[in-house]
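Please go over the structures that come below.
First chain A sits with chain B, and in the next complex the same chain sits with chain C.
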Partner chain A sequence: MEAFLHQVLAGLATGGIYASLALALVMIYQATHLVNFAQGEMAMFATYFAWSLINAGMPYWPAFLLTVVFAFFLGVVIERVIIRPVENSPVLAVVVVFIALLVILNSVTGWIFSYTIKTFPSPFPAEPIFGSYITSHQGGAIGVTLVVLLLLYLFFRFTPLGLAMRAAAQNPESARLVGIRVGWMLALGWGLAAAIGGVAGMMVAPIVFLDPNMMGGVLLYAFAAALVGGIDNPAGAVFGGFLVGVLENVLGAFVIGNELKLAVALVLIIGVLVVKPSGFFGKVLVTRV
Partner chain B sequence: MAAFLEVAKLHAAYGPTRVLHGIDFSMDEGTITTLLGANGAGKTTTLRALCGMVKTQGQVSFAGERLDGKATEDIVRKGIAHVPDGRGTFVNLTTEENLRLGAYTRKDRDAVESDLERVFGYFPRLKERREQQAGTLSGGEQQMLAVSRALMLRPRLMLLDEPSFGLAPLIVRELFEILRTVNEKEKVSMLVVEQNAAMALELADHAYLIETGRVVLSGTAREIKRNDAVRRSYLGY
Partner chain C sequence: MSRRQLILIAIVLLAACVLPFVVSSYRTFQLTMVLVYSIALLGLNMLTGYNGQISLGHGAFYAIGAYSAAILMDQFGWPYWATIPVAAAVCLVAGFLFGLPALRLEGLYLALATFALAVSLPALLKYHHLESWTGGVQGIVILKPEPPFDLPIDADQWLYFFTLAITVLMFWLGWNILRGRMGRAMTAIRDQHIAAEAMGIHTAMVKSMTFGISAMYTGVAGALGAITIQFVAPDSFNIFVSIVFLVGIVIGGLASISGAIYGALFIQFVPNIADAISKAAPWAIFGIFLLGFVYLMPMGVAGAVRMAVARLTRKAQNQSKS
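Right, the complex of A and B next:
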């Protein structure tokens, strides 16, 4: 029982990271109806930026904040410079751009920082908490995820800018008619998604270590999470993230072994697409005419 | 003095399909003007062209400023509110959120609060539905919401695209009463596109008849109502 509880808590910790990245995917999906395959590599690149700052002697939390800001601007610039020109292109063309972005970010990072695996510090103390059920980093990662989610919720729910972003994603034409600059809202959305991804990258790096391919598996779990929750539902993505994290850990520890863990994500993705493509919480849109 | 809204030789096309072939019309501040015409005549496209939602050629000037070539967002900021074809409801947002979006470009936060109460005064039903998801409102309520959202801009000019579409006659009458009140009390100019020619001519001061992308007849609403061709084709008596 104790071992089981331990696995569940550890699963919640990584689940929070999947939830963050899944949320980033959903945010971009809502606005563009496309899944950003480069979301993980953008997070990885931001994490390397944090590593450089910390390595240059900056304390952890200032480096953390600066990285979030950096990731935000990285997202905005990518949208303005790379995505905007292909905005009205066929879906496949945009997907190719996403994949190119993934490969380019991966290679550029390898070229700048080398492919050698690096350690990444955790801001939380080394001692376990809650009577050794969970490491401080795992507990801290859950806490950071929850704070990020809360801030996002408050932003989208209660600020005029958050409302404008939701309006622009839902109905761009009507949004323009009330004077919302829809193009900039999309860029802001990319910035926010990249910033969330950056936080996820910094939280996962102490666990998986820092290397240019570190987000490959994480992104796959995030896809599974987003699909389980319903690709157009932010709250669903968060739930999906925690669920996938726990499932992965528990099944990996007691049922299928660590080697097949990633298969859990793939089975979930295929299962959801076959059985319930809208996910558990995919909204059934109520519209009267 | 130039007219409040002046449209000259306006052409518009969707891809290779040309819809407007040089529309000319103008309207004075504070008046209600209606564009009449059959399906496909180019009424909706004319309104969309004014707002920069389709590619156009020709001139549009509003209160002495050129609008043609400007982005929709900037045209809205000049004080032009468009109640679009199909109502343009943000279906996943609440009624109140829809209304607040109407005032998105305004900086006078306090006045926005009192304007919210003002439109609830015109449409008490919307106040009852304040927290409700707007997609679940009835057609009539959504039309009221679209008009209210436009009013939240405190517009100088309102463009109304088929405000009577799909509504019960009683609700149409109520809506047009309110439009008249808004025009008279708040001095909001209105350009109304309608298929319901009888209602539109009752409301409007001036009318233009559009056929296949051109203005074929213009005059005061009274004159147009008496025109034999209009009476036969559009009023049906």
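Right, the complex of A and C next:
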């Protein structure tokens, strides 16, 4: 029982990270109805940025904040420069652009920082502060996820800009008619998503270590999480993230072994898409033919 | 097929037959890989280019083909040539089965599902209960086939001609499929699936069959690739293999048979040149070319060649008139 509880808590901790990245995916999906395959690499690039700041002697939390800002601008620039031209293109063109982005970010990072694996510091103390079941980094990661979620909720619920962004996502034509600059709202959405992804990257890097391919598996779990929760529902994505994290850890520890952990994500993704494409909390999509 | 096209194909084939005698054995090996890739790209192009189903996971079928060949040779002592049809059959079935749930997925979601397949495959290949067959992380080493009947060529050249024969067969087959009833049904579904259904096309059947055939092509390529490289290991079939195939069809030209060859030349030789700059350079170049082609030349190299030929012949005709 104790081992089980331990796995569940560890699962919640990694689940928080999946939840953050899933949240980033959902942000972009809501705004543009696209699934960003490069989300993981964008997060990885931001994490490298944080690493170089910390390596240059900057204390952790200022570096953290600066990285979030950097990731935000990275997202905005990518949307404006690279995604904009293919906004109304066929799906294949968009997917190809995402893949191109993934490949470019991956190789540029490898080029600048080399492919050797690096350690990344955790801001939380080494000795457990939340009891013996959970390391303080795990507890901290859960906390950070919840704070991010709360901030997003407050932003979208109580600020005019958040309202404008929701309007732009829900009904672009009407939003434009009342004077909202829809294009910029999309870019802001991308920026926010990239910033959230950056947080996820910095939380996961102390666990998986820093290398250009570190986000591959994490992105897959995040896809699974977003789909389980319903890809157009932010709260669902967070729920999905925690669920996937716990499932992955518990199944990996007791049922199928650690090697097949990634297969959990694969089965979840295909299972949800086939059986219930809207996930637990998503809107059922009806298209008129 | 027009006479000019036939002559062109004859010249290309003749050149392909002469090449291994004038270049080094390493170059022959590379050319063999070009043929292998061209088969895989033709398969992916049938699915993505002609049928409009996006697959980011064809590396998985390539791996299944490669492992089928390697396991049959390593565990059961099969001769290399006999493994190709088996790899084809295994991948046909695997592709068809994966195509069934894929029917419910469109566009982006299919891309997602296949992406997940490709990312998780290396982990499945490392699974320790399969280790006695797959060799786990270590992979399987295969012996290089020797030329039969005391032919006066070396092993590399023999493998090249063997691959060339299969490539020609697969392209002939592909050309027939795409020109015939099946191919028209594929493009009809891509362009207007409701209209296609109204015309009496069994959409579900054609789509999953296309998935199967496409996987079969990729599986044959995988088997040939494994025999050529003489080695399979889980980590050589990561997500980037699937991405390379995507790069190949986008740059070669979507929905074009000759595009598979241009794409194969690109993905084989460009990394070779770019490697000289940096280990990361080939991928940066792949990415930049992908972006460049999507924005500027969505028809790929094949489309550009077609346009250039059309322009030149028009010019020639105008001159002969005046």
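Methods note: the second predicted complex is superposed on the first by the 282 of 289 C-alpha atoms of A that agree within 3 Å, B and C clash if a C-alpha of one lies under 4 Å from a C-alpha of the other, contacts with A are read in each partner's own complex, and residues count from 1 in each chain.
As a convention for this text, a residue touches a chain if its C-beta (ideal position, glycine included) is under 8 Å from a C-beta of that chain, and two chains touch if they have at least 3 such contacts.
Please read these numbers as outputs of a predicted model, since none were measured by experiment.
A.B. asks: Kindly classify A:A167 by the partners it touches after superposition: chain B alone (first), chain C alone (second), both, or neither?
C.D. replies: first
A.B. asks: Is A:R181 touching the first partner chain B, the second partner chain C, both, or neither of them?
C.D. replies: After superposing on A, A:R181 lies in contact with chain B but is clear of chain C.
A.B. asks: A:F4 in the overlay: touching chain B, chain C, both, or neither? Say first, second, both or neither.
C.D. replies: neither
A.B. asks: Taking the superposition on A as described, I'd like to know which of chain B and chain C A:I270 touches: first, second, both or neither.
C.D. replies: In the superposition, A:I270 contacts chain C only.
A.B. asks: Between chain B (first) and chain C (second), which does A:F73 come into contact with in this model arrangement: first, second, both, or neither?
C.D. replies: So A:F73 meets neither chain B nor chain C here.
A.B. asks: Applying the document's definition of touch, where does A:F209 land relative to chain B and chain C: first, second, both, or neither?
C.D. replies: neither
A.B. asks: Is the number of chain A residues in contact higher for chain B or for chain C?
C.D. replies: Greater contact footprint in residues on chain A: C.
A.B. asks: Determine where on chain A the residues touched by chain B overlap those touched by chain C, and list them.
C.D. replies: Shared contact residues on chain A (touching chain B in one complex, chain C in the other): 289.
A.B. asks: Given the complex with chain C, which residues does chain A contribute to the contact?
C.D. replies: 34-35, 37, 82, 85-86, 89, 91-97, 99-104, 106-108, 110-111, 115, 216-217, 219-220, 223-224, 227, 257, 259-263, 265-266, 269-270, 273-274, 277, 289
A.B. asks: Contact residues on chain C for chain A in the complex?
C.D. replies: 48, 52, 54, 56, 101, 104-105, 107-109, 111-113, 115-117, 119-120, 123-124, 126-128, 194, 239, 243, 246, 250, 254, 278-284, 286-288, 290-291, 294-295, 298
A.B. asks: Can you check the complex and tell me which residues of chain A touch chain B?
C.D. replies: 160, 163-164, 166-167, 170-171, 173-182, 283, 285-289
A.B. asks: Which stretch or stretches of chain B touch chain A in the complex?
C.D. replies: That would be residues 51, 53, 71-73, 76-77, 81-82, 84, 88-93, 97, 100-102, 104-105, 133, 135-139, 142, 149, 153, 166 of chain B.
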